[in-house]
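Two complexes, one shared chain (chain A), two partners (chain B, chain C).
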Partner chain A sequence: MTTLALPYLSILRARFSLMLQYRTAAWAGVATQFWFGAIRVMTLVAFYAGTGRQPLNLAQVVTYIWLGQAFLALLPWAADAEIAANVESGNVGYERLRPVDTYFLWFARALAWRVANTCLRAGPVFVLAALVLPLTAMRDWSWRMPAGLDAAVLFLVSIALSALLSSAMTVLLNIVVTAVRTPRAAGFAMGFVNLFSGLVIPLALFPSWAQTFLLWQPFAGLADIPYRIYFGALSGAQAAEGITAQIVWVVLLVLLGQWWLDRVLSRIDMQGS
Partner chain B sequence: MNGFALYWRFIAVSVRSQMLYPTAFVLRFSSQFFVTIIEFGGVWVLFARFGHVRGWTFAQVALFYAIASIAFAIADGLSRGFDTVGPLFIKTGNFDRILLRPRSSALQITGQDFALTSAGRLVQGLAAFAVAIDLLKPDWGVAEFMLLAWAVAGGASLFISLKMLEGVLAFWTTEALEVANTLTYGGEAAAQYPLDIYTAWFRKLMTYFVPIGCSLYFPVALVLGHDAPGVPPWLAVLAPATGFAFLGVAAAVWRLGIRYYTSTGS
Partner chain C sequence: MAQIQVENLSKSYRIAARDPGLAGAVRGLFHRRTREIAALSDVSFSLERGELLGFIGPNGAGKSTTIKILSGILRPSSGRCEVDGRVPWEQRIAHVARIGVVFGQRTQLWWDLPIIESFELLRDIYRVDGAKFGRTKDRLVEMLKIAPLLDTPLRQLSLGQRMRCEIAAALLHSPSILFLDEPTIGLDAVSKLALRDFVKDLNRAEGVTVILTTHDMHDIEALARRVIIIGNGRLLRDSSFESMRNEVLGERRLIVDFATDVGEVAVEGASIRARDGRTIEFAFDPARTAAHTLIANIARAHDVVDIRVDDPKIEEVIARFYTLHGAVES
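Right after this comes the complex of A and B.
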């Protein structure tokens, strides 16, 4: 078992250390994300002023926004840049020659990329929004602690599932890019991801008739479910439902990806040399 | 050939080269439209839940949103070249070639990359404008539409200046800086809502330091018959001129940057 997993683990490690080389870019990213988070927080604060009871209170929405900024790099916005470049150059055919399962190779690459990027960015955003902001006059805008120990543990489980879900979606994007032979084909994914993961507006603030659908569509598991678990808006049976939805989508998307990748790669035409 | 003619020639070449790949253009254009219109949909969701934001209705905010998007789309289309000054010109040494030519360097940089895809954002802005007009049913005359066009012009000049300053920064960093997005994309995001919903220090920053409020907020608020506190109507009408003044400042900084520019060699 361990020898079987070895190639994938070394891919994980290699990509991780590669990502950690780009520390300056990460710091720039942190500053940008903090700033955009602040603008979004201010907007939501204005909407909440003088309103009645809402599905989420202001402290929860503010925390939601900061979680979104901290874990932004986890979202499957685009296909793996290197694989997309290989598709344009035709080198993607080499993927067939490697003595490892192509699906899990791509999955491991995607996972390493998403997780390494997130690790670099989440910490500093947390320090700024959760530790520094409470010391300033902008106390109300700070990132709050999880609802309790159980919420914290469930959040860790759920955000780990988000990473798997995001990787499965990234591989699907890779496959789309390979199938239609242009990296631009993945551009639409960003719109769906932004809207249905809750990044644009927390899903709980959408009209109440849409709530069941919103919880069970695949993108909720990328952000909305772990965030709501964090501050206790989903707890007990509801938290279990959310995590179940995540697991179901991870399994379904991995199976879909394996089946589809097989079909796409078996049809690849190698042109020239 | 004078500067204008040369610029149009540049743009024509840039458009023709982008149109050589029509499918890629359609994909990029439509995905940009899709991503930005979804953000606008998010505004609608917020109003469906909260009803108003500090007294502003959805229709009114849609007008702010539309004007900010249109101004930013125009600026982005005209001056995308400044985004890539670092990686495409400084790092490669190609900037030296630009300096050798007896033409304005800013004109060459912007002319080489006329970003046709920002039409996606432009169409989104026009859609938001249509929504605003449909909901407001305003009895505006020519003056109001002129004022809105003037606001778009001032706002676009301001966004172009910000991108230009980002380009100057790249003389030293040689990289495209994500931090610069805080003022360009961040400025657009902030201007999509009326400035008075924000907290005092942010409002002041966006009025006096980066005068996005002057170009976009004051005139649009005036058109909506919503006086900004402490700003008489004549000042709100003149305010977008600050966008052009800022462009003058940015151009001066650009020239200063070129004077201190040292080639990365190659």
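Right after this comes the complex of A and C.
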């Protein structure tokens, strides 16, 4: 098993350490995410002040927003820039010179990219929102601790599945870009990700008749499910359902990606030298 | 059995075409016209283990297409091709693990990684055993003199340094076939010579089969024992370098600087090819007229400053060959 996975693990490691070097971008990201997090917290606090009972209490919604900011880079916002560049320059076929499965090569690259970027941003946002804010007058606006040890463990499982799900989606975006041959082709993804992952409005705040659909659509597993598990809004059987939904989508999207990539690559023509 | 067997290989590309102007663009929205371009038609050859084959032809002739099909990254439209008993594009992973490829205009190393890290990554990707990798790497590093470059990221290397690292990278997994697609493009004279020596050694000492495409005839002259000329997607010629050279070098040149203005000069056994002031270039066939006879005849009849005998340049010969076969892109 280890020799089978060795090429992919090595690619993952190399790319991960490479991504960690982009520190300036990461600090800019932290500043942006903290700033937007604060604005969104203020908006929701104002919104909550005028309403009655809500499916999530204020502390949960605030924590949800901070989680969303901390793990923002984990979401599949765009296709892998390097693969997009390879498509534009016509280099994309040359990756086929390696004795590795192209799907898992792209998957390993996407995973390294998403996780490295998240590692750079999540820590500082956590320090600011969960450790510094409670010491100030804005205690109510701070990132709270998980609902319990079991919630914390389940959250780690669920967020790991988010990383896999996001990577599977990133590879799908890579495939779209490859098939259509322009990096801009993946732009449509952003709207779906934003809305259906719960980043704009937590999915629990949507009408109750839509809840089953919202939990089982593929984007919930990117953010909403792990976040709700974190503060205990999904626990027990519900948490199991959420994690099952994540696993089902990872498997389905990986299978879809493998089938599709095979088709796209088999009809790629590379002209000239 | 031959290591590489190619039979009736053809490849055509479908490219989108549209009528000019706005009307054409609108029509293209509903009905897309495509045009087929034959990049390769009916190419057949075979290659034994340990051969060193030079592939030449003008731009757009189909050299790169052939290399891409042989290396498994392009699927032909029709025809058969087997390398070491495998069909490259069908058993791609097993196939590419046994070949090394260097494209002069592309890089296979990681732009931001120090060379040694790229090498280690390739070790894992090709699943090369650690001890064996160490030995191969040390030998390549020594032969290609890249020890001082190993800690430098690729993007900081000069083209010549880069190419040496690329070649080492292509050989780390000890492939049995090495494809070199224009490996000397853009290199300075010293780097070219070093690269040719290395490739020659590799082929002779280790029996690695080499397929080389180039526009530099000195590469071919220095390396290839066998040459395939390809033009307009067709195989025009497949022969040893020597026989090709003898055939086209049947003609030689005699360049004479006269001391005075000479009018019409008639020399038996030679024809005038060009004249420039007092310098006249004659062409003659050494099999029929010996050079010394010609020189003696001219020197007896005229006041001569200098006489040189010259071979036609190999570039010139190839260019003439292309034109003869209508191989040049129109």
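The working rule: the second predicted complex is superposed on the first by the 272 of 273 C-alpha atoms of A that agree within 3 Å, B and C clash if a C-alpha of one lies under 4 Å from a C-alpha of the other, contacts with A are read in each partner's own complex, and residues count from 1 in each chain.
Criterion: a residue touches a chain if its C-beta (ideal position, glycine included) is under 8 Å from a C-beta of that chain, and two chains touch if they have at least 3 such contacts.
It should be emphasised that the depicted structure is a prediction, and the values quoted were computed from it without experimental measurement.
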item	value
Partner chain in contact with A:L205 - chain B first, chain C second, else both or neither	first
Chain B versus chain C as contact partner of A:T244, first or second or both or neither	neither
In the superposition, chain B vs chain C on chain A residues touched	B
Touching partner for A:P99 - first (chain B), second (chain C), both, neither	second
Which superposed partner A:G29 touches (first chain B, second chain C, both, neither)	first
Chain C-facing residues of chain A, complex	3, 6-7, 9-11, 14, 18, 91, 93-94, 96-101, 266, 269-273
Sites on chain C touched by chain A in the complex	13-14, 39, 60, 63-64, 68, 71-75, 92-94, 96-97, 101, 103, 105-106, 108, 110, 112-113, 117, 120-121, 124-127, 181-182
Chain A-touching residues of chain B, taken from the complex the two chains share	23-24, 27-28, 30-32, 34-35, 38-39, 41-42, 45-46, 48-51, 53-54, 177-179, 181-182, 185-186, 189-190, 193, 197-199, 202
Footprint of chain B on chain A - complex, ascending	25, 28-29, 31-32, 35-36, 38-39, 42-43, 45-51, 54, 182, 184-185, 187-188, 190-191, 194-195, 200-201, 205-207
